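Same chain, two partners: chain A is paired with chain B first, then with chain C.
Here is the complex of A and B:
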């Protein structure tokens, strides 16, 4: 398996995404409260926290689906706090969604072709069919993500796990610098989880694409991430290596003592399940 | 091979296109045969007009997923601006009985070609401006806003009497040449049909479908959704206005109630649903079929044909949501699918991650990404 059609980044370890004091409120509820987070080039960062801790809202603020009330977000040295989402996408920030967003009425191939951002393509070419180069790239990615035999199937006909893979492929189509993965493994069977893990690692090592991932599978986070950020009630609870986080008293309390939350959360065999 | 699998095969698709080619060829030679009387040609021209409007409606309603209930406003605007540029009034001197022709409307008394072009361009601009505002609304809210636009524009035209002639309307220089109008409409519809076929294949068209399927996702994947959908809407308005302008010229007079009649929207929606919303051939087959039904069957029930129309709409939405084309092409969509995205409902996909929905008692911030708030 090769990913040589994608353009590799040269990771320098310099800051890629820096968010400072991000705050987002919904009425009386402060979903994200004064959170600082940064991702350096080439890093895979985990973002964990109990249900309702503001992980997805933070993702939304970073990728500009939501506008944070306070704070600033810098990506590749540019302030993106008030940029339109497609502009942010053009800068090289891709994301997937907790509730899968693929175009159900389009085929797998069309879904991938569509996700190329066209940032360097002149207006005249945008009106035409995607060129051979685009299709080739989409086919390489399908091969990489085990989707080749589903090439002409409607995305709506795929299984949950296949859609997760497709969404990952869509986010990789545009040669991103950073991918925000929102629960890439939820609803995916264990063997496919291993595949997804393997693909993320390959893409990160070979292409230097950075990842920020929201995950409930602690083992997945431990295997992939070099650093973990923990959110609770919209605030940053802890940050550090996966090992140090696993032993952090406050983190364990946040997961165990989810006060009054109807869904009890248990750490079992290194895996947090709710 | 049963019927359904045959209809879904590539052979059926080829057969379908061959039949379309044959139909166009047949319509092209029709005026030269003895069936091509002026009355027949006039009826067929009106049919082509309704096909053209439906194709344009389908670009916004079917491809982009913005179901426009006020689409007749673009037809009416095209008709009115064309008329205002061309209008004349004939005055009869009561003593000498001499007729004098004066320019009316804007007082320009242009020829038809520049008037129709300027009318369509003006309408395209209006559509861009109005679309920029109304397309912030989603689903049924957009539909209602456009219905309001239709009513508002009609009343504005009625009030702006000095240039529009008010409720009485305007007269155009009479010019009757049925075969010419027929051929112009035939060429326009064929060009528009080929254009939508190409559009559906093009990257721009795929972007429109992406907006219909998931607007936030499309924006996140680098599609400038506002520019894309407003461009499509503006083109749709422009192209509808061409048919409006031609209709006004052919009709030799306009007034607000006939130019901005709601039925024109209903026909476009109904025809497109009948044929298959979101497909290339759908609005063409559907509008032609609907027009034929109206002419042949419903002409006998002058008073009650609207009842048939309403019942047909209900039956279509219930039993044939993907229309005629839905039998051939499984990739069409339905009005219910387009709107379901904006309706509070249970998650339709059983294998999606079990996420609690906001509004289920406790505020769950994890799911706000699916809400419309903060959408562009």
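Here is the complex of A and C:
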């Protein structure tokens, strides 16, 4: 396993992404309401909350797929609130989607090669096949993500877990500084979840790539994240270490309702349960 | 038997012509989700350019075609930048109506410039080549058929192999995700539109010695493009060829075997296919960049 072709980031702990007062409405529904969130260089942060709490909408605002009505988003010292999505991607912000969006008609290799096509590539070179450097990098990532034997398979033929790995690979192809992972383990079998966790840890430790994870698997969050942000009804409910969040009364109530029985309501080291 | 073989030859040749006529329409719809209602008018514009070069300068349409391709690409690029890009995020109906407006402006503009007279360009590639005593090969259409094959092959190679072509396919499959991996979607759309309008103008130049050129001859071509695209699958290059040949064969067979009303019946037949294809197999007979009913995902 090698990731040496990717360019390491220096984990300095300085602010990488800072969003302030982000608000997004859909008609009468305020999906995200005045949320502040920040990610420092080298951090892995968890973003959790009940279904419909606004996690994915917040991701959309941060990656500029959606335009927030209010608030600002700074990434690597630049205001990206009004930048177009591909410009944000070129700055080093990558993301995956809750509903997997690999290109089903393209092969695994072609999916990976796509990520670098528009970054500093002159028009004359776009008329050619992807260069050797791009293919080499894709091959290294396929090796790293256990996808080598599926190199020439159409992405539409992969299993859910393999597609998640491919999406992770696509997000890593462009040497990102920060990756937003939307439910990287949903629909993935448990053994592959461990692999995904291991890969995230490796690129974070060795290359200093930061992650912001939306995740329902609490054990996954606890194992990877140094800090957790909880959303509920579009607002930030709590923020802190995974341990403090799991004991937080307001968080437990958000998941189970205000009259949840304290004795039987726990967030154990696996899934949320009662 | 001779009659059947003749229908077969006519049908395949006609199919090749339809293939290059509908290609641009199909790819614009498949990649951008824009139904180019002005497609037939772009064909006519290309045909008028070829006619003008033929009439004024004596240039054969087959020679002016490459220049018309480049000129029409420029027109397509500008139109995309000034017009289509501004409505592409709105519901499909908006872009459809905008292109409908463009088609009326173009048709009437062509009438103002060229009058409503029917025109036809002259090519040195004309007449029929006798294969046997009873079977002939239409020379112009056969030439168009082989040029169509070359253009389709070239476009297919471009979409399959080049970085830009893959970006276009990615944008067709998922607009948002394409942007997330750093693809400038507006540029992809502008290039796609330019390329398709270029091909459409080229097709117009190629058919200028075959079909009548007149300002209001566009809509029947747009409607055939609908029929072939629905049958073929959106944005599918090999589908455009397959669908066009099926349509050509049906039209040629009906025209040969049903005397008198054959030509009208042929048009009816092609739209029966459109309706049946949409009801029975909405994803198209040959697959495509995306199914007909997909809008975003």
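Going forward, the second predicted complex is superposed on the first by the 257 of 274 C-alpha atoms of A that agree within 3 Å, B and C clash if a C-alpha of one lies under 4 Å from a C-alpha of the other, contacts with A are read in each partner's own complex, and residues count from 1 in each chain.
Definition applied: contacts are C-beta pairs under 8 Å (C-beta built on N, C-alpha and C of every residue); 3 or more make two chains touch, one makes a residue touch a chain.
Predicted model, so just to flag it, every value in this text is computed and none were measured.
Peer 1: Is the arrangement of chain B and chain C around the shared chain A a clash or a fit after superposition?
Peer 2: clash
Peer 1: After superposition on the shared chain, which partner residues are touched by A:154: those of chain B (first), chain C (second), both, or neither?
Peer 2: first
Peer 1: Return first, second, both or neither, reflecting whether A:101 touches chain B, chain C, both chains, or no partner chain.
Peer 2: both
Peer 1: Between chain B and chain C, whom does A:186 touch in the aligned arrangement: first, second, both, or neither?
Peer 2: A:186 sits against chain B, while chain C stays out of touch.
Peer 1: A:55 in the overlay: touching chain B, chain C, both, or neither? Say first, second, both or neither.
Peer 2: first
Peer 1: Name the contact category of A:63: first (chain B only), second (chain C only), both, or neither.
Peer 2: Both partners, chain B and chain C.
Peer 1: Tell me which partner touches more residues of chain A in the superposed arrangement, chain B or chain C.
Peer 2: B
Peer 1: Just one of 24-32, 78-86, 96-104 or 348-356 in chain B runs into chain C once the structures are overlaid; which is it?
Peer 2: With the two structures superposed, the offending stretch of chain B is 78-86.
Peer 1: Residues of chain A that sit at the chain B interface in one complex and at the chain C interface in the other, please.
Peer 2: In chain A, residues 63, 65, 84-86, 89-90, 94-95, 97, 99, 101, 103-106, 110, 113-119, 126-130, 170, 174 are touched by chain B and also by chain C.
Peer 1: Okay, in this complex, where on chain C does chain A touch?
Peer 2: Counting only chain C, the residues touching chain A are 161-164, 166-167, 169-170, 173-174, 176-185, 289, 297.
Peer 1: Note which residues of chain B are touching chain A in the complex, please.
Peer 2: So the residues of chain B in touch with chain A come to 201-204, 206-207, 209-210, 212-214, 216-217, 219-225, 278, 330-331, 333, 337, 347, 349, 351-356, 362-370, 373-376.
Peer 1: Okay, in this complex, where on chain A does chain B touch?
Peer 2: Touch residues, chain A against chain B: 26, 29, 31, 51-52, 54-57, 59-60, 63, 65-67, 84-86, 89-90, 94-95, 97-106, 110, 113-119, 126-130, 154, 159-160, 170, 174, 182-183, 186-187, 234.
Peer 1: Which residues of chain A touch chain C in the complex?
Peer 2: It comes out as residues 63, 65, 84-86, 89-90, 94-95, 97, 99, 101, 103-106, 110, 113-119, 121, 123, 125-130, 170, 173-174.
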